[in-house]
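Report on one structure; see the data block that follows.
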């Protein structure tokens, strides 16, 4: 691929990633925000592909888009009926948060761009070799973090089940409604 | 002009900031979770960019990304359970309405 | 036998544990005093058996803990350290040098008498065993403090004394005023304690040891220039800062101006506790500490005049004077005594301010005699209050009068105490007060000249004169207090029907009255005392007939004036029934009376009121003001914690950004380009 | 073949977690308190096994088993044991008792990883593991609205904190080509000493660790979450989790960034001063006991940071020893205070400080225990808190942080005010209701352990000092083999 084509692809993926990200923030409808997350995550998967990280392209699609995003959309639909479409979808912190997040992004971008990173990309191994090497690493040098991550998933699973399971006796409905700050 | 490491890093920084913005300003708890996922994605992008340009033979970055995926999945699962709980007790999924504890 | 002296502070702790167990289980509460009293007397006996003689003072020590024993620190190559060396160890020890020995005797005997007295006084109270538990703990803390041979133990005892006083002053927790007074005493003294702690840390960091002897050696070495001071300070700064920081502690604990405000409020505790606090324990701690460490106040660079001693002396004189004037206008019998205590503590500070062994002896001498007569006075006050406990305000002297007949033992012993306090010739207070005035005025160049380092002559002169004035005022209010309480006719039903306290309460009074009379005389005007304290060396003589006569005259004049002013106040004047010429004579005297009232007395009363006002509205109020400000700031901050999760997240993210910005600023301050500058440079180059 | 013996205690605790779930699921609860005792016993056994294991650095130094990590493991496991014991009496009322203990165990394993972490990878995994478990535990009291609210808050802030930390790790990785601490140290010997970008990574990692230790400005979650969470969980979070953050922080700063202490020191000093001032100020205004303890915990984190700041300038041995020591005694006294708070809250239904009114009449022994904990937290001799604070301040002083030590000393006075306010309620005020407060045997035992530890450490701290000493020596030895030329001053040509 020519340099120009690579640049073009990168720019396209940038737009594909950042524009939906902005929409995730700004769109009023939360369900739409959930849908906007899809192209964003696909854009990131594309970037992974450009970085020759083949395993993670698949992982991104499977884990993020296949599992996490579906989970998110599912729970959005579950709780949608409580959301008043006329109520504001953003809190009063926009004025404070925008400059702070912009500053953070700017500082990160400037510093990272300015740093004299060692020159140029080194040729990457093929997809199959990479995946084999990763598999070996996960049962070799990095077995411990891998195992720890499995405990982490187990813990999250246990915690999620405990929290999500309905309590034996529901509190009366009247008690639920009068929450502090409930009426905005 | 070729696409270099810094391009990915700048993109990552932007994505990170946008994720933080979503996490801070959206009232809906699920949308907050989406923001956090964006932030984690930015970090993962950083890792893979560094891996590709600096240590293509090393494995640590990829392991870190796998951990990042795991954490994202775990947080999504747990987060949604927490939100469900919030919905049960408060009748809302807006983070800013659960503000009884303060001071 | 010597090794047993380690038990002196431990025995009362054990007794306190037993009493505490009785208090918690609420069983056999009446047995508590047996244990605490036995422990106190045993400690006293141990001290008596180990009286320091010509040889080295009895001393036991045991290593307790190495404070900083890290192997890593020991293995590290020697580099610049900022103070504490690796392997600094705390050796706990009990010493019975003359200074400690005297204090042990004073603490034990006063504590034992207070405990006996309390058997009667507290008989009807709830929490009997709890009370004795606290008393024993208080005694133990003070014994630990005075027998310490190192700064660490001194500090621990210092803090424990504070806690015990908190518990005892707040003993009647159901009275809000008692609870507040307890808090106030604790918090106000803590202000001084901060200084004390910093002073201890500073000294230890230089001396690299907690032991008094090591600290003295190191301090002397710094003064000589043979030891360098690391850290923030120059040697010169260290030499004045360290003693002054220590003095802060004494100001708080010994109720010196301007931190004396807690002491009058501390009267909310049971009266025997006041006796203990005022005579032997809490307030004596500060004076004892300064006396113990007097070398630090005296030694200055190049043998120059002691700025630290000037401060001690001026502070003492100001306190003595101010407190005496306030005492003049009080109507609460315990308040009079409280201010009197403050005033006398000021005296002790004036004595200590002379510096060296001379000052040490003078201050400690007054501490000992004051312990006798002030404990006596408080216990008599307690006896009176106990007798009047049905009255609306049993402490108010305006509701007393004529108790002389109803309570002869109390009245006579109180009279002895009052005379001793006023400095009546040949009683104990006379000798010790005289000694302080003598050393102060000698330092000023009068009555012979004193050699060696010490405060400036002008300061000594001013403070000596202030001491004389205060002595006069002391005599006035002493007479007033006694006369208003015991003289004349009862001014209330309760006073008219008061009964003498039981023997268990009056016996301790007599036991204290005897030393109040003879202590000064027996110690031969301080000289025998001085010889003992200085370990066999003959103390310097302050024999000066002229000064003694002057002091006696001042005391007698004060007493006389008091009698003139107040002997008539309590009741309808008996002299009106006398034959006419005699009455005229008394009338003439009355003119003198009026003259004194209009002139000196009313003036000093007004001054006293003004000082009391200042005390209440400026010093007290500024303390409250600080507390109020903190509360307001806290409430303001509290409102900013909104409960909004995402506002918290903003702070979290902003915190991370702030860390980067902070590092930038710091880097720019130290000269290398920070991220912001680097980023700007990058933009320009593009 | 890699020697896996150092990981036996970790495996034991994971296995313990699974075991209690199975015991619960199979209804093997003859005695209702069995699970709590099993957990506590397992924790104690793990402490013993931990100290029997060999010292090792596994997988190229990613994980380090040495007396330093063991000292901290001991703290986490001791807190786990005490908390499990105290929870045992409530077991019949907990809906998912097995899962409750399992999550506590998993959180403890995560903390043990943070103490052993020799690379940011392990550190991140450990921190995430403990945080995720705690997220679930905070919301465990599902029928309590406050618990749900606290869970949401902890979840949102914890996720943002973890994302910040992961981003920071990525930057450090990019600079060093790896996150093993030795590699990070190598970056410092590169061109220009301390690359500017490393600040960025440091700041983000610091945000994650600051969140864990609840230091200002990363502290905002703590009061709300402490107040809302079940009290036993609060006790665990405010001690084990906080100390775990310090274990990781010290190793990261002294090993990975050990060659540039003058660069990170100002940040630590600023965090410390801010924590001390803000924590104290806000604690003064609190009326809820758990909130007050939360703000006091923020102040305590500030005190610990005084020692960390001291470690920057001088030899770090004293500071490390002081942190280990304070971590241990803080664990006992703070857990003790929270357990008393729990008893009161269970009985009266109120978490306000005024609920303690006249406690000494209703339960004299518990009142005495509370008084001891409060005085110890206030740093009054001869209790443990005094010795600990002495060490922390001595370490700060040794490191030349005189102003910070002065601030800490003044703050200790202010802190006494709010501790005494509670003592006032306990001892001075009259109770509204004179009935005796029942305390279960399990809770009594747990409180007694805390009391004995608080007293014993205060009176005879020597063994704990030795422990801290060994930990310091170990960390020193771990950091020492690095070439001294890594120091920026030495690598000039």
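Going in written order, the chains are labelled A, B, C and D, and every chain counts its residues from 1.
One rule holds for everything that comes next: contacts are C-beta pairs under 8 Å (C-beta built on N, C-alpha and C of every residue); 3 or more make two chains touch, one makes a residue touch a chain.
Computed from a predicted structure; not experimentally measured.
With centres taken as mean C-alpha coordinates, the chain found closest to the middle of all protein C-alpha atoms is D.
The chain pair sharing the most C-beta contacts is A-B. For chain C, the chain whose average C-alpha position is most distant is A. Chain A and chain B have centres, each the mean of its CA atoms, that are 5 Å apart. Per-chain Cα centroids separate chain A from chain C by 67 Å. Annotation: 41 Å between the Cα-based centres of chain C and chain D.
Here the spacing of chain A and chain D, counted between their Cα centres, is 30 Å.
Multi-chain contact residues, meaning those touching two or more other chains, occur in chain B at positions 9, 12, 16, 19-20, 23-25, 32-33, 44, 54, 60, 63, 67, 71, 74-75, 78, 81-83, 85, 88-90, 95-96, 98-103. Each of the following residues of chain A touches two or more other chains: 91, 93, 97, 101, 104, 107-108, 111-114, 117, 141-142, 145, 149, 152, 155-156, 159-163, 167, 171, 179.
Residue positions 638, 641, 643-647, 649-650, 653-654, 656-657, 660, 675, 678 of chain C each touch two or more of the other chains.
Chain contacts in this assembly form a complete graph, since each chain touches every other chain. For chain C in complex with chain D, the touching residues are 24, 65-73, 75-76, 79-84, 86, 155-156, 159-160, 163, 166, 170, 173-174, 179, 182-183, 186-187, 190-191, 193-194, 197-198, 201, 205, 231-232, 630-631, 633-635, 637-638, 641, 643, 645-649, 651-660, 662-664, 666-667, 673-675, 678. The touching residues of chain C, counted against chain B in their complex, run 638-639, 641-646, 649-650, 653. Chain A contributes residues 107-108, 111-112, 114-115, 117, 141-145, 148-149, 151-152, 154-156, 158-163, 167-169, 171, 179 to its touches with chain D in the complex. Contact residues of chain C toward chain A in the complex are 644, 646-647, 650, 653-654, 656-657, 660, 675, 678-679, 682.
Those residues of chain A lying in contact with chain C across their complex are 91, 93, 96-97, 100-101, 103-104, 107, 110-111, 113-114.
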